[in-house]
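There are two complexes below, and they share subunit A, which is joined by subunit B in the first and by subunit C in the second.
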Partner chain A sequence: MYKFILPLRFLLKRRITYLAVVAVALCVFVALVVMTVLSGLTAQFKQKAHNFAGDCIVSGKSLLGFDGYESFIDILRQQPYVRSVTPVIRTSALAKAHTPVGETNEVPREIIGLDPNTFFNVTGLATSLSWHSRDPENAFVVQYDPQLPGCMSGIGILVDRDEQGEYHLPRQTPLVSFEVTVLPLTARGSPAKAATDLVNTKTFWLSDTVNSGLARVDWSTIYLPFDQAQVLCGMNLQPRRTTALHIRFGEGVETEAGCGHVAKLWSNYLSQQASPSDLMRQVRVQSWRLYQREMIAAVETEQRMMSVIIALLGVITVFIVFVVFYMIVSHKSKDIGILKSLGASAVDVTTMFLNFGLLVGALGSALGAIAGWQFLVHINDLEALMLRWFHFQLWNRRLYAINEIPNSIYGEVLLAIVASAILASVLGALAPSIRGARKPPMQSLTVNRL
Partner chain B sequence: MADNDIILKVCDVSKAYKMGATRIEVLKGVNMAVVRGQFIAATGASGSGKSTLLHILGALDTPDSGHVEFEGNNLAAAGNARLNHYRNKSVGFVFQFYHLLDELNVVENTMLPAMTGTSVFGWLAVRRSIRKRAVELLDRLGLASRLAHRPWQLSGGERQRVAIARALINKPSLLLADEPTGNLDSETGNGILTVFDELNRAGQTIIMVTHDNRIAKRAKKTVQLSDGRIV
Partner chain C sequence: MLKLFLWLRYMRKARIVLLSVAAVAVSAALIIVVASLFRGFIRNVERHSGATLGDVCISADWGSPIPRYDELIEDLERLPSVKAAAPAIMGVGLVHLGSGNVQQVTVIGIDPEKETHVTNLVQSLRRGGAASGPALFTAVQTEGAIPAWIGIRAVAEPDQVTDTYDFVEVDSFIGKQAVLITGSATAGDLSTATGRPTIRQKSLRLEIQGVVHSRHFLNDQNLYVPIAELQKIVYPQDAQPVAARIKIRLAQGADLEAARKSIAAVWRDFSTRTLNWPVAKQAWISIVTSQEMYADYFAELHRQMGVLIVIFGVVSSVGVLLIFCIFYMIVMAKSRDIGIIKSFGASRLSIALVFLGFSACVGLVGSLCGVGLGWLVTSNINSIEGVISHLFGWKIWRSSVYIFEQMPSELDWASICWIVPAAILACLLGVIIPAWVAAKTKPVEILRYE
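Right, the complex of A and B next:
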C-alpha cells in the first residue's frame, strides 16, 4: 500500500517534483498545440484538395489528353458506385486582363475547362462561387450581358486577401475580361495551326470567381466553359479529347476501392476498342490523393518534420524527468534504506518510484493537456490580439490561404501525446529507481546520497 | 538450556570493510546464542564492531564468513524473499537516528512495516485492525496525542518511541536496537529504557547495542565486544 501512498506524499511534499510536473506539462502543451495546428492545417489542405478534384481522376499523361472519353462517361454513369462524373480540360495559357482601370500584361495562367452542369456535382466548389453559388450551372453566365462568353477566375487573381484572410468583392460582377491565348496541339502533339496563326486567342468576360482555398490555384487559374476550352486547345477535332475525367463516388464508397473499380472498367473499355489510340493507352486512374501528391507530399513532409522535432522534444522530456528523478531518488536514499530494513523488496521500491513517475507523468500530462486545450480554444483570439497590439500574425493571411488557425484537438493525437509523456516519465524514473533499489539496506541507510 | 529456547545463533561470523587500500576487520569469528525472552546489551568502544554485528543479526548486512541462524534457519542460505520476510515479520529494528519517513505521520510511520508486508487488497482487509494496534502501541508509549503529527514536529524521545512502536507493529520475535538512547538526553533515554524493560518483562527478546555501560546495566545480560571479538 505504501507503494501508492508514498508517491503521492513525495509529490505533495517535495518541491523538486513540481519541476518534473512542469517539464512534462510544458512538453505536452507544446506537442499538443503544434501537432493540433499542424494536423489541422494538413487536414484542411487535404480537404480542400479533395474538394477541388473529386474522389477519382482518370487522366492522360500529357497536355494532349485522351480520346474516347464520352463513351466512357456513359459507362461510368451506369455504375451504381458513381454519383457524378465530369470531363475537365487542364492546360496552360497566356492571359491578359482588361479592367475598367486598364489592362495587365500577358501572364501565364492555368486554364481549367469545365462543364458547370456536372463539375459542381463532382467537386465541392459550388459554394465557393461569389455570384452563382445558388445556381452554379449558370456560373458562366455574365450578369450584365448573358450573351458574352463567360469565364471564372481564381479569386486571388481579382482581389487580395485582407489581414483576416477575407476576400472582399463587389456585389455586382466587375467589368473584367481575360484575353486567353492557348497553343492548340493535335493528338500527335504538333501545333494544330502550324500553317496559320499557331495560337488561339479568345476574350472571356468575368462571370464569377472560384475560391478553392488552395493558394496556388486561386492565384493562377482561369476557368472556361468546357467546349470553349476544347476549341482553344484544339481538342475539339475528331476524335474529341479531354485531359481528365473527375469522378465523385456515392456515399460509403471507399476511395481506393472505387478507383480500383474504375481502373478495371477503363481496362475493359480499352480492350473493347478495335484500335485504341496511344493517348488512350497512356490513361491512368488515380485517387485524389495520388493525383495531387506533389502538393500534398510537401505538406505531409512538413508535418513529418515537425513530428520529428516533437519526438526530439519527447527525448528532452525523458532526460529532464530522468535528471529530476535521479535527484529525487538520490535524496531518498535513506528512505529506501528504511523501507528495505522494514522488509520492502527491491522490486517494491522500484515499483514505488515507478508509481511516482506515473503520477508525475499523469499529472503533468493532465495539466499540459488542459493548458493546451485552453490555449487552442483561444488561439485565434490571441492571434487577433497580437495583430492588434503588435501587428504580428503567425501566418500572414495576405500570403497564406488560411482563414482561422485550426484548433480542433484530434483524440488520437491527444492520446498519443499523453501516453508518450507518461511513458517518458516512467522511463525517466526507471533507471534511478533500479539503481536506488539495488543498494544493500545498510548502504542506503548510512549514505545520504546515491 | 534447550535448543528450542535459542532464538538466534551466531556462528563464527567475520566481517571486514575496505577503506581504500586498507582492509579493516570489524568482526573476527564472533559466536553467540540468544535465548528467547533475553534482554542483551552489546557493549564496546567505538569501532569494536557492535553495530556491524547488530546489522548482520537483522539481515541488513551479510557476513564475509560464518552465519546467523534464526529459529534454526540459516539466514545465509535464505533467498531475498525470505530475508525480506525476516526483516519484516521476525525482526523489529530501532535505530539511533530513528529513521522515520517525513512524508508520513506518526500512525502511518508506525503502520509502515504492516503496509510493507501486505498487498493492496490484503491491506484493505487488515487496515482497521492494524491501525487499531498502532494506536494502542502509541498510546502505551505515551503518544496518543501525537498521532497526526509529522516526525519533524516531535522531540527526539517521541521520535524514538514512534520508532519502537513501528518496530513492534508486526509482533516480531526479536527487537534489535542500535544505540536507541544515543541521540537523547539522559532523562528521555531513561524513559526509552523503561519501555524496553516493560517489553522484556512481557516476553520480548531484545538485543541492544550501546557504548554506555550504565545503559548496558539495564539489560539482563551484557556482551562485551572488543577488537571484533566477544570478550
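Right, the complex of A and C next:
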C-alpha cells in the first residue's frame, strides 16, 4: 500500500515535483498542438487528394491514353465492389480568358475532360461547385445561354482568396470564356494535324467553378466536357481513347484490395483481346495514394520531420524527470533506509519511485492535454485576433490553400503523446530509483548521516 | 576571483552540469540548423533570381515591348555602374518532344552572346559530347527548323528515390527535333490601349541544341530560342528588334540604388528622345531589382521562417526547465559550501552571482558546442539526407517541392549572432530562482551541528 501512498505524499509535499509535472505538461502541450495541426493539415490534404481522384485510377503511361476503355467500363460497372466509374482526359493546353473588360494573356493550363453524369459520383467535387452543386450533372450548362459550350474553371483562375481564405463569386455566372488550344496527338504520339496548323482551338463559356482545395489544381485547371476534350485531343477517332478511368469503390471496400481486383480484371480483359494495342499494354492500376504520391510524399515528409523534432522534446523530458527524481531520492535517503530496515526490498523501493514517475507523467500529461485541447479549441479565434491586431497570420490565406487551422484532436495522436510522456517520466525516474533502492539502510541511517 | 574559481570547479566536478550543457547545445544546434536551412533557401532564391534576371531589370511585361533595344543597351553599357545588358522576350507554349510527350513551357527569346555576360544560363547548358567553343545557337541541320535549348525538366523526370536525372536519357534529346506551339500576333490585330496584339497559335519546328540544367526546378521547364526568331512570332508587326525585358548586370561593387537611378535616367532619356514615347506609355515600363520582383515571395518566406523559429524556440524553452532543475540540485548539494562562503563574509549578491555566472558559463559553453554541432549538421546536411534516403527510402528534400536540387548547407552567422546570446539569457533565466534560494541561505542553519 505504501507504494501508492508515498508517491502521492511525495507529489503533494515536494514542491520540486511540480517542476517535473510542469515540464511534462509543457512537452505534451507543445507536442499535442504541433502534431494536431500538422496531422490535420496532412489529413486535410490527403482527403482533398482522395476527393479529387476517387479510390482507384486506371491510367495510360503518357498523354496518349489508351483505347478499349468503353468495354472495360461496362465490365467494371458489373462488379459488386465498384460503385461508380468515369473516364477522364488530362492534357496540357494554352488558354486565354475573355472577359467583358478585355482578354488576358495566353497561359499554360491543365485540361481535365470529364463526364458530369459519372464524374461527380466518383469524386467528391460536386459540393465544391459554385452554381451547380445541387445539379452537378448540368455543370456544363451555361446559365445565360444553355446552347453555348460550357466549361468549368479552377476557382483560383477566376478570383483570388481574401485574407480569411474565402473566394467571393457573383451570384450569377460571370460572362467569361476561355479559348483553349490543344495539340492533338495520334495513337502513335505524333501531332494529329501535322498537315495543317497542328492545333485544335475552341472557345468555351464558363458555366461553373471547381474548388478542390488543392492549390495547384484550383489555380491552373480548366474542366471541359469529356466528348469535347476527346475531340480537342484527337482521341475521338476509332479506336477512341481516354487518359484514365477513375473508380469509386462501394462502402466497406478496402482501397488496396479493390485496386488489386481491378488490376486482375484489367489483366484478364487484356488477355481476352485479340490484338491489344501498345497503349493498352502500358496501362497502370493505382490507388489514389500511389497516383498522387509525389504530392502526398511532400506533406508526409514534413510531418515526419516534425515528429522527429518533437521526439527530442521527449528526450529533454526524460532528463528533467531524471534530475528531479535524483534530487528527491537524495533527500529521501533516510525514508528509504527506514523502509528497507522495515523489510521493504530493493524492488519494492524501485517500484514505489516508478509509481511516482508514473504519477508525475500521468498528471503532467493530463494538464498538458487539457491546456493543449483548450488552445486548439481557440486557435482559430486567436489567429483571427492576431490578424485584427497585428495583421499577422500563421499561413497567409491568399497564398496557402488552407481555410481554418485544423484543431480536431486525433485519438491516436493524443494516445501516442500521452503514452510517450508517461514512458519518458518512468524512464527518467528509473536510474535514480535504482540508485536509491540499492543503497544499504545502514549507510543512510548511521548517526552522522542523521 | 573566488567566483571564477568556483565556476571552473563546479564545471569540472559537477558532472550533472554536462547535461545542461548538452541541453543548451542541442537546442541551439536545432535552431541554428533550422535558421540556416531557411535563410540558405531564401539566399538561394535571391541568388538565383539575380543569376537569371541580372541585378536590375527593365521590364515591359505589362506594356508595349521596347523597340531598338540594341541602342538602349549601348547607352546602358556606357554607364560605369553597368557591366552588361541582355534582351529577352517571353511567351508560353506547348512543345511536342516525341511520342506522346507534350510539355508546357515558358518560351524565352535570348541573345546568347549578350546573355553570357549577364546571366548564368550558358554555364548550366549541356551541349552533348561533341560541342565545343562558346555556347551559341549554331546552324541547324534541318531546313526550316530553329535552334533551341530546353530545360531539363521538360525532357526528363528526376528519379523518385534519388531525385537525380538520368543524363544519358537527357543528352539523347540533343540533336532531336521538336515542335513548339505558341501564341502569335495576327496582322492587323494590334489593339490600341496597351498595344497588346490578339494572339493566334503558330507552330515552329525546333532543333534541340542543348539542355539547360540550372538546378532550379521552375527555370528548368523553360525553352530558349533566338530572340529574333521568337520576335517574328510574338511581335510580327515590329520590323525593328524589340525586347520585353532588358536584364542588366552591374559592375563589381556598384551601388544598387544609385545604379538603378542612373539606369532609370538613361531609360527616360532614351524613351523620350529616341522613341518619342509619351509619359503615359513610359509608365508601363518598370525598372526593378531582381530582388524586388520577388519581394512578396521573400516576405512570405521570412514570415514562415519566423513562425518556425518561434515553434522551435518554444520547444527549446523546455531546456530552461532542465537548467532550473539542475541548478536547484546543485544549490541543494552545495548548501554547505554556500554556508561556509557566507560565514567568511560573502554577501547575498556575491552568492547569487556565483550561480548566475556559472549558468552564463554553461550557456556560453553549451551554445558554442551548439554552434559546432549546428555547423557539423548544416555543412553535411546533404550527406545526412542521402544516408536517411538510403536507409529509410524516403527523400526529405525534393527539387519538385523545394525548387533546388541540393539543400542549403551554409551556416547562417547572422542567426548565430542572436542565438548564442539568447541561449545564455535562457540559462540565466533558468537559474534565477536557484540563485535566489542560494543567496537566501543562512549559514547558521546549514552549518549547525544537529
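The definition used in the following text is that the second predicted complex is superposed on the first by the 444 of 450 C-alpha atoms of A that agree within 3 Å, B and C clash if a C-alpha of one lies under 4 Å from a C-alpha of the other, contacts with A are read in each partner's own complex, and residues count from 1 in each chain.
Criterion: a residue touches a chain if its C-beta (ideal position, glycine included) is under 8 Å from a C-beta of that chain, and two chains touch if they have at least 3 such contacts.
On a predicted model such as this, the values are computed, not experimentally measured, just so you know.
Undergrad: Examine A:Leu339 and indicate which partner it touches, taking first as subunit B and second as subunit C; both and neither are also allowed.
TA: Only subunit B is touched by A:Leu339; subunit C is not.
Undergrad: In the overlaid three-chain picture, which partner chain does A:Tyr144 touch, first (subunit B) or second (subunit C), both, or neither?
TA: neither
Undergrad: One more residue to check, A:Leu183. First (subunit B), second (subunit C), both or neither?
TA: second
Undergrad: Regarding the shared-chain residue A:Val30, is it in contact with subunit B (first), subunit C (second), both, or neither?
TA: second
Undergrad: In the overlay, work out which of subunit B or subunit C sits against more residues of subunit A.
TA: After superposition, C is the partner touching more of subunit A.
Undergrad: Tell me the contact category for A:Phe10 with respect to subunit B and subunit C: first, second, both or neither.
TA: Only subunit B; A:Phe10 stays clear of subunit C.
Undergrad: Touching subunit C in the complex: which residues of subunit A?
TA: Touching subunit C from subunit A are residues 16, 19-20, 22-23, 26-27, 30, 34, 61-64, 91-94, 96, 103, 105-108, 181-183, 185, 188-191, 197-199, 201, 293-294, 297-298, 301, 304-305, 309-310, 312-313, 316-317, 319-320, 323-324, 326-327, 330-331, 394, 396, 399.
Undergrad: Which bits of subunit B are touching subunit A when the two form their complex?
TA: 55, 58, 60-62, 80-81, 84-89, 93, 95, 99-104, 108, 112-113, 115-118, 120, 123, 127, 166
Undergrad: Please give the residue numbers of subunit A that touch subunit B in the complex, ascending.
TA: Contacts found on subunit A: 1-2, 4-6, 9-10, 13, 334-335, 337-346, 348, 440-442, 445.
Undergrad: For the complex, give me every residue of subunit C touching subunit A.
TA: 16, 19, 23, 26, 30, 92-94, 96, 98-105, 160, 179, 181-183, 196, 198-199, 201-203, 300, 303, 307, 311-312, 314-315, 317-319, 321-322, 324-326, 328-329, 332-333, 394-396, 398, 400-401
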